[in-house]
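Alright, structures below, take your time with them.
The two complexes that follow have subunit A in common; it is paired with subunit B in the first and with subunit C in the second.
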Partner chain A sequence: MAHGHEHEVVIKDEKFVMTAKDKRVSMILMGGGLLLALIGILTNHSEHEMLMKRIWANLLADGYFFFIISICATAFIAIKAIANAGWHTSIKRIPEAMGTFLPFAAAVLIIVLIGGGSEVYHWMHHGITDPTSPNYDKVIAGKSWYLNQGFFWGRLIVFFAVWIFITRKFRKWSLQEDIEGGLSFFDKTYKTAAFFTFFFAFTFSMFSWDIMMSIDTHWFSTIFSIYNFATGWVSAITIMALTAIQLKKRGYLSIVNEDVIHDLGKMMFAFSIFWTYMWVAQMLLIWYANLPEEVTYYLDRTKNGWGFHFYLNLALNFIIPFFGLMTRTGKRNTWWLSFVGCILLFGHWNDVYLMTFAGAMKDHHGISHAPGWGLMEFGFLAMFVGGFIYVLLTSLSKANLYPTKHPYIMESALHDVGV
Partner chain B sequence: MYESPIREVLVEGGKTYTDVSNDICRPLENKATKGWWIGFIVSALVLALWIGATTYTLMTGIGTWGLNKTVGWAFDITNFVFWVGIGHAGKLISAILLLFRQKWRMSINRSAEAMTIFAVICAASFIVSHMGRPWVAYWPIPLPNAFGSLWVNFNSPLVWDVFAISTYFSVSLVFWYLGLIPDIATIRDRATTRMRKFMYNFFAMGWDGSARTWNRYELVSLILAGISTPLVLSVHSIVSMDFATSVIPGWHTTIFPPYFVAGAIFSGFGMVLTLLVIGRVVLKQEEYITMGHLDAMCKVVMLTGSMVGLAYITEFFIAAYSGVEYEQYAFINRATGPYAWAYWIMMSCNLIAPQVFWTKWARSTPWFIFVLSIIVNIGMWFERFVIIVTSLHRDYITSSWAMYTPTWVEFSILIGSFGLFFTLYFLFVRYLPTINMSEIKAILPKKQTQH
Partner chain C sequence: MSMKNNNQKLILGIYDDPDKVLAATRNVRKAGFDIKDVYTPFPIHGIDKAMGIQRSRLGISAFLFAMTGLLTAVVMMVYMSWGDDWEINIGGKPNLHIPTYIPVTFELSILFTAFGMVATFFIVSKMAHGKNPTLMDIRQTDDRIVIAVNLHNTGDSDAINKIFQSNGALEVKERDLSI
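Moving on, here comes the complex of A and B:
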């Protein structure tokens, strides 16, 4: 079968042109989203403090969600490189382009931390570590060796700098390879990828504790970082599949055959189960042991209106992809794969939403009530989706749609998953 | 399927189909070598030690062990988790790498799967022997009340464990045997004595090599691989839950399931390297288990070792971060308490030692790989010892703090279990092909397959 294809595949430069409609759609999403969010804010009648918390929590959830997606796209490139994988080469430009969103997502996180940190993060509340203050919290004061502004910002800036630097290098080398060819860029990427993977494993853990876990400052869970990685990883792969399908629909990327899409579908399926594994491991062990210092996290997330989001998580992120993508047809039918992919992405956004909001929306009694989804949530989400699409398509249009001189490009073009 | 010219060949030496059959069948068709006899007899003697010590335990009771009321679970369960962990790389190589279509698995999967089965047998022996009353070993099976006085506690991970291990063992055995059938048929067709012909004919189950048979074979392999993959993860996750569902500091932590799985793969690859670095030379299979294979396995060892290391550091960090004093003490006690030596052996063997595989020299020097694989095995045994004994020996009530010292009986069972493992392995090497001939023939470099 492979021999039959060998003559049909032509490796040539292929440029994506961003149409006026693409620009319009992403602008409408951004502008319309902002407008919706503003209407939501202006028509909101809750007290000022809770409203501010909700606005910052929205920006934090969306910023974090798109940040972990973008950094997982870089992790995808790195892991594929050290595994010496070839099949994904024809879609490699998509994760490379996704990585270009990192600086924007990082900027959002920095703005939220500066502007809304004290509203959202328990440990940043005023006077929390000061024994003379009425706000004093002994447990949190005990964590100030790790959670203090200096150390927190120091490590965050290092993580951002190194991650963005390597992400840009991967893309730069890949684009240069198109012009110069040879194995030098391939080798450089391989070596850097080994370092990145090692560095990323440790730093992403701290990053997830810093940005997400420390919202509920009292609470702790050792699996949390891997769980967050699973969220970002499966979402990133889903976006790669959706983008590849859309590009093919417009007549681009004819080099990406249906077997590559099929394999992306397999990864969406497999890593949905992987995510569920982490979800169960964290939830089951905490529920089973029922220790007061841990179980509060799940009490906060199943009562007071949060239960809907909690169970929705399991339905959208496990049940639907598990049954929807189990069959071969489910993974090879691009319409169905895109449909399940959109559900998955929304489901993982819901997961991040629940993680962020249930902790961030606590009132002075330490109880949070689910505000429900309103114009604000959908508005801010639309704004981020629009921004992400704009950056992704712009980056895609700046280079060849697939690496033409990558040593594994033919393997990818002739990829065959068998029966 | 097209392959990039920059990829290394998986089988060296320009082998033809006939060469493959001759090379792989040679160790089982020739007379047993002196080396094989020495290895087999030594293993059998060590096995005798295991039989003796286990019999002594069963006849006298587990009072012969060094357990006390604080540390009521020690060597037995350490050995159990150690062996079950080793039993995982086999499945990983055969099932997960099959799903990922990694062809380099083909010359190592057979011996890795055999290792899985023998390791699970060793592991199961510890479950039975630590029960104290093994004649009622059927009690964890949910049988109607008339059969025993108790109904099993379905809430207990120990019961889940019984189901998980027995399912795992059965599926591994079927998977391994199924893969062997075409090769057994090859040996049957080459057999010269009547006895050999009869035996291999019996186990080949009438394999005729027709396209239809092959089609079914491949389909069933893929289905079994699909079943095995969640099994590997679930088995070791459940093993971890034996500890993690408790409220013992050092045991109850959410990272345990993936951390145990990573550790299992790590120790399993360590054991595969121990076996194959020697085996490829003794059985003259250097052209099938190439330096490229060793290189890839070293990288897996480094990767999983770092994952395990990440888990150690995460646990340590979260204990400090949690602000829970019991949790904090458990880890301070691990690193500085009376069992600190075990903790530092674990840290240096599992996290630090495998980092040498960043260098090309370390990954391409067989004697060094062998030494490191032994270090990994030692480190992973100590990991379980650290988790189990150091978490138990100083519990919530200071008045019940105690030390645990194993007796000669426990040491004999531990050492003896290697005898059990290697006796089975030597028999396997003698009577079954250690490399899957039919799969290897499918991946010979194209231009070399004329015959």
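Moving on, here comes the complex of A and C:
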């Protein structure tokens, strides 16, 4: 098959070198972001409690966003492994490197839960399940068999431990395969991926209820977890595409042909529609049924200044990728794909921002007013982006840029999507 | 497609290996001969590029069908709920309201696209019930791959035969196809 092609495929070790500029940019993002956030905090004149809520909500939204991106990168490896897919093999090191951010994001979430849990989460308020307390809430007391500190922390630690353990294993086996070769690592990944996919489907659902849905403790939605998965999944794939394009631009990853990038673009397009389907499905059923306990969630997110973020969601996460990535040219032009990808990532951050803040920023009357995007939001976001880039590039530089001895590496190098 | 001649002269190369077929197809095309089609019992990656096939316009037709479905749905729903001659109160929702339109618009767009694309595909491929397809060689339905080249000049036959043979053809034969 190889002969007769325009260019010969050579599989060889390829190492990414993180330049001083890469380090500088990520450090500036982190340091500058922290500075901006501090200025934002110091110049904020709202009352202390609301300011604290806003700081915790910022950390929670960013921590959650990058957590679901990292865990969806691992899910990407697992799903491709059990589907016996080969086309993505040449970019496989990118999701593997993304997974190394998982412990950092998990640490942020744990800090937020310990430090700001009682401010952000309605069910963690003091005396909420105590009938003698003035804070007593009958509905939340009825949910306390699931939402209590013991069970909550127990399952969260188990999820984090298993997810991080398997993520590290996937990467470790893949790196070991580069040295030893053979099929044993491929087989191990395949078997572990089968377990992980099964485990992940259940545990990610609970994780999204615990971290995101329980902010508005009275409210519930059965489609919420798949909607959150769609957010993480499409963002993770977008980051893979952006990273692959950037690496190619620097002369790395010549093995990744434009058909692989095209397929990543197809997935960005398809899962943007998938995300919209879930987003609309959740909203539409609640709108139809018009039950007071359900519609409050959307009233909180469309009134009091939140409406902008709500409709921005639709524009950035559906309309722009739908029309922008519909054509073949749109997916194969790397400049355009990166441009739409950046919009998409910002849009999904906006989605997580809205999910978190509208619930977490409630005042004594149970009403939240949109604080708008300020220095704090962009500062914390820049900090996380810088940290994520630093961890991603560091992990990429520690191994070959593509698995040289993976059994499907040739299939990926010769990947062809037709005319 | 030339319909003037009642007879179409073809030269067929019969293969059992997709890699050989890819190489042969590229070489026949490079030598400037007119490939009619490649008949294969299973899809071969890269054969479309090797044959120099133009990009399918099925995607454009899909978009047009989707827009037709979308327009049909919107026109239908607006017509039905316009004025108050057929007003149905469901859950106290307003009569003309965007969220109610989403599911029907979505479904009809997909329905029109799916049916439209299947119909287009059948028409373009000239497939119909009761129509006997013209097989180049009966074995193309089983385990052989056939490259069919239009023979415009009888003098080309030797050159094409040589390309076929040098790329590992099991058999080369000429055939008159009556249209």
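Everything that follows uses one rule, which is that the second predicted complex is superposed on the first by the 414 of 419 C-alpha atoms of A that agree within 3 Å, B and C clash if a C-alpha of one lies under 4 Å from a C-alpha of the other, contacts with A are read in each partner's own complex, and residues count from 1 in each chain.
Operating definition for what follows: a contact is a pair of C-beta atoms (placed from the backbone, for glycine too) under 8 Å apart; a residue touches a chain by one contact, two chains touch by 3 or more.
No experiment lies behind these values; they were computed from the predicted model shown.
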item: Overlay on subunit A: subunit C relative to subunit B, clash or fit; value: clash
item: Which of subunit B and subunit C A:I114 touches, first, second, both or neither; value: neither
item: Touched partner set for A:Y288, first subunit B, second subunit C, both or neither; value: both
item: In the superposition, subunit B vs subunit C on subunit A residues touched; value: B
item: Touched partner set for A:D416, first subunit B, second subunit C, both or neither; value: both
item: Which superposed partner A:A161 touches (first subunit B, second subunit C, both, neither); value: neither
item: Subunit B and subunit C contact sites that coincide on subunit A, given as residue numbers; value: 284, 288-289, 414, 416
item: Subunit B residues touching subunit A - in the complex, by the definition given at the top; value: 1-7, 101, 230, 233, 237, 241, 244-247, 252-258, 299, 306-307, 310-311, 313-315, 318, 320-324, 358
item: Of subunit C, residues touching subunit A in the complex; value: 19, 22-23, 26, 45-46, 48-49, 53-56, 59, 63, 91-93, 99, 102-103
item: Residue ranges of subunit A touching subunit C (in the complex, touch as defined); value: 1, 3-4, 280, 283-284, 287-290, 326, 328, 414, 416, 418-419
item: Contact footprint of subunit B on subunit A as seen in their complex; value: 2, 6, 82, 84, 86, 139, 142-143, 146, 183, 194, 198, 201-202, 205, 209, 218, 220-226, 273, 277-278, 281-282, 284-286, 288-289, 291, 293, 407-408, 410-411, 414-417
